[in-house]
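Both of the next two complexes hold subunit A, though its partner changes from subunit B to subunit C.
Let's look at the complex of A and B:
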């Protein structure tokens, strides 16, 4: 009898080993999550911190300068080597270089070492020596040199803005002329070219063109002249920089975006610099085939795509679930539909992409083009990838999640609430709309949350439905009709792939991959948090309902 | 056995619900009610008693066709309300349920404000005028004896009310529809004695205006607040009479056994 009791209370009956195993499983999971996040943020977050510039003189006599990225043991040898980011890609070809630590004669941190951020060829590392204008030296390195340089750089940026504005003016003034040019070209190359009527028309158009050109005259030439003089001022100043190996390089000041002296910076200066860089990363366009600059268009594209997807996909999924749960007759066919919806979630996402390409882009988009954009054909407008089609494809991909969650939400609405509404004389639809749907809102939102997480991370189907590595314009801008759903867009997930694996400069792109991944995670979490907060508010309202 | 199934009518206009040869089946063949005949009197309280599972709720739900919601049910016989057949083709369920209100065993306020709960019925029928709705809400809450307790918090969630208040809210919600008949399915069975007493008081006031049918497990309750009592047993109506008579001199043995607590 005693033995029996022991058996029931003992080691196995209490499930001690299983409790341990399940605890371990949670621990492993936690370790994976923390390790993953830790890796991403450790590698990504340091990217913008201004690292000290080391200058090493090698025993061979040559000199290398730049921040040390990492130090590792040389395989099969009792020595170490360090990776320097040497910059000056235009001079050295590569901007990273391994240096054997044994070959180093001495290592210093010269206070005047400067990092010059350029609009091309990445950073330049060296010592800024002088500012020249038209050959003559206007300022040399000295006490007031750096503030002056900063002012000049700001001036150059301002000049660029002015030139752009003036160019816009010219284009605007020329608009009627440009229209005539198109007409003339059409007449010259069109099917009726050469016929006497065409010649007559052509002559008339040409005359009209000349008259208009004369009339517009000043409106075009004034800004054109202004551009000319602005350009002259912009092109004049050049910067003289001595590289670590003694070479002296001269470059136009207009190519300089900013410069800083990391070895002179204190902690607060570095922190300020860091914040500026993070800000730039979030709000500016990419440069240098995406390895530098910001990711703003990718953030914008990702968020907007998810937004369109939710706006279109969620109501669709909710309506489908509503019909399935409330109106469709239970039976074989309904079960088949349920099975289909559940299994849709298991279809590889690239298949959805192919479907999107075939159905949305070629069939629907092509149809729209043939109906409404005939004048632009054969150049497609909607018949090519764009943010609308990508969003629709993802909506399709995530709709099963919404349907399943909504079905669960609907089933969880207490029968008492349904009967209560009916007993008060409401129709079935009134009951669904006023009582059942609001009650199942938290469940629906759970589905939307899952859909958002899934959609934000998808890349494969987007690659064939409208994502590109770089865009000139956002899908929303000030130009009519403001919302350009036909435009291609950038996406953070694709950006990571592109920067990490398609970049010509892999080493330079590496930190960018981590930083962008971190950012993508932050966005997923933020979008989720918004939905979760919304759900919690609703839960408070409907706390009586079984959720 | 003298079962006054068709109690003699004082006058034709005295009968609110007229049940003729009613049989009811769940799942097509599982019979829950057998050949029920009864008349329910206008502006009186009629209590349905009987052991659980004997079909009281099923019959009650036939009166506002709530059983239509359940799949695979079948009904035979007729129910006439004010002389017209409610199972006739073309009867609008919404109109019927407005006239025949129902209060459920477990209070089921919607997760909305108190005001919105009460205004639900009128709103569903298209009433939008805020002033009129306000009047309806006030009147209904007063009738259900809840006005004093909630008049300052009409905008607050109805789910924050106590159980007894929630049930009176459900009564008020039904009253807002201005029904003729109110069906109550064990309205106090989940409530404490004080809340139960309040509901019973409310019923006493309401019967001046409405015809009330109440299902109850509580025999004292039936004795206290009903004018007529019907005793059901295994899907059959065994006896129906003036309440006093049922409790003092039941004519059926089973009724007596039930009332004296020999089973049930």
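Let's look at the complex of A and C:
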């Protein structure tokens, strides 16, 4: 009896069950995090890996070719079916097709099966048979065929670049003309069209236009002729591809971005291909209504928005905290403010979004428009969503985090340090600036880290303050004034929402959702790592700080 | 005798519907009328273009924007698509020059616009859609009548169904499906597809509270492909290999039609609709030149090819010509 009692006392007194429970809690948390990350990376990371191309001949005689995406049991039947990514959306209408495994006569992996990445309509799956130029066959499938094809595709890409450059030259040379064209168009189509004054003006402008066109002459026609000859070369070669079901399709070579033969690739070739695709994903623009191509503008938008938010929000929060901790008299009012700040952190983000819409966009933005952009009204310049307003909204959203963390950092600076500084004759401000603030820097950075994490993953308030599905231009570019804070932007979080819920081709876009989510996580971790490294360095510098 | 004949006729009609449905799943995509003319680039087109509106048209607008941008590098197009109901206020406030809508503007919306701007908004038909009722690919249901659809989705049953339909058995399925409750996916109320479906399928009745409202057409399709007992509706352009569009009849005994191009064009498929883009065309100032060119592009051969690429149906040539005439 006594022994049991001792055991019992020890068991509870040492809190064994609670140690177990807390240990379990950590374990569960770990399992959730690992499971979540595992799911995202397992589903997303495999997206770019070239899967083997299976060609199945069905008992009905037709044939289907593509990588097998998944195989599932048919409910209430002892059979399975497989989902093939058949590609060729322009021919079949859909990129995916379920095939009952029982209906399959044979399945093989033909070595010549090719995946042709196109600039439109997704991938084409088939056997590349010949290269034609202006109708005549210039090369047929054979030993040297693929290297030749690769060279031709590279050449086409080069030609496109050249055309773009020449087109830029034309546009540059035409700039004065283009300005006149806009004026002429306004006179022809605008409110005064048809009036005698307009006709008079129009005549004058047209004369001016003709004179200018004559003067510019060669500056325009030379690159224009160059474009024409380049186009001719670009348009000439076509590719002949036999599809799995026997149809032969001819497509212009300029639409081919790349091709590869997955069944012939070794491990190293696949790895190389994989890296190329990941690189493409990170650095190119989305194509085909965001279902293909990369996410570069979304990465850029996300990082830039977070950057603006930190630059505006962090100093604001730090100053507020400094005043609250060092200058404000403790009492009812200060407690009220503290309470307010703490509760602000719990306000749903969409409420901040609505505030941003009402205050920043309609009130401030609309005000700016009425003052400085009256000529453009009713078309708004700043009175509509944009990266500046979205960043400001998120800055408001995350300021409480910064304030709370800074307050704690300030409170943790040892009294001795402050008194030492004061004893050496510094003023209160000098003491704060030179002793307290540097020492509480790690605490402030903790706040910034939390703010970054929260802001990067936030989507709801952005949807009404300036995020869009697709932008044509980044908020930073080479055109004056370089930084375009009024522009709308793309954001990775919204991109995930868009691709997952609103994509025209959900099946094809599903892996993109996982890939983009993984990427967003990587960006959050990277941004945080930078801040953490900075904090660790500061900690070493100010060892006296308690944080 | 007469009854038998009628029965045979019905069976033939039903079978016809099914036979037509089969090729539709893997049929070649529709073709653009050869009379459509290629787009002619205009001069002096430069500036911003904002589009706010339909989610159904969201991808189509993005595709068009990609195509338009290839023609005019100096044009910057921004697209937001959170639902057709967001288009009229955006046009009224001048926040957007283009207002894509998957339904027609309501008179209340037109009036609000006119009260603020002093003229009526102009709508342009840009594509044709057969609003499809999707079921899971495993679902054996052959066809449904709108009366049944109304009894599944709506609580008012304005089409006169005798009883509420909550299980697949009540919709005529046997075996495994008979006892399974129907899982209903729908759209949120800002959506034009929601409005159109409410007006035309439910005869202006109310949706049941059990409808799982989704923020986008694609997520309806996604939901239906994940749940074997689900039903949902969205534009035919969102079809995937995991779902099937059910052929529809108006009421019991009527012929059944699938979502093939012919049925949609002829109006035999009961949920065929036009997709529209609304613009603010000031009768004095005329339409914003960039928006005008955009519409001209949409109504050209290239623009209508893009419609097919996104899975919708191109406008009949005559309608497109009518639209171009109105644009002038």
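Heads up, the rule we're going with is that the second predicted complex is superposed on the first by the 516 of 547 C-alpha atoms of A that agree within 3 Å, B and C clash if a C-alpha of one lies under 4 Å from a C-alpha of the other, contacts with A are read in each partner's own complex, and residues count from 1 in each chain.
Rule of thumb we're sticking to: a residue touches a chain if its C-beta (ideal position, glycine included) is under 8 Å from a C-beta of that chain, and two chains touch if they have at least 3 such contacts.
Not measured: the values here are computed from a predicted model.
Contact with neither subunit B nor subunit C is seen for A:218 once the two complexes are overlaid on the shared chain. Residue contacts after overlaying the shared chain place A:416 against subunit B, while subunit C stays out of touching range. Of the two partner chains placed by the overlay, neither subunit B nor subunit C lies in contact with A:228. In the superposition on chain A, contact is made by A:439 with subunit B only, not with subunit C. Once the two structures are overlaid, the count of subunit A residues touched is higher for C than for its counterpart among subunit B and subunit C. Within the superposed three-chain model, A:430 lies in touch with subunit B and out of touch with subunit C [touch as defined at top]. Subunit A meets subunit B in the complex at residues 414, 416-427, 430, 434-435, 438-439, 541-545. Contact residues of subunit C toward subunit A in the complex are 25-29, 43-44, 46, 48, 50, 55, 58-60, 62-63, 65-66, 69, 73-82, 93-95, 97, 137-138, 176, 214-219, 221-222, 225, 228, 237-242, 282, 284-287, 289, 292, 309-311.
Residues 64, 66, 69, 93-98, 101-102, 104, 106, 108-111, 120-121, 124-125, 157, 159, 170, 173-174, 177 of subunit B are the ones that touch subunit A when the two sit in their complex. For subunit A in complex with subunit C, the residues that touch the partner chain are 74-76, 83, 89-94, 96-98, 120-121, 167, 171, 178, 181-182, 184-186, 189-191, 193, 287-290, 377-380, 383-384, 463, 468-473, 488, 497, 500-507, 509.
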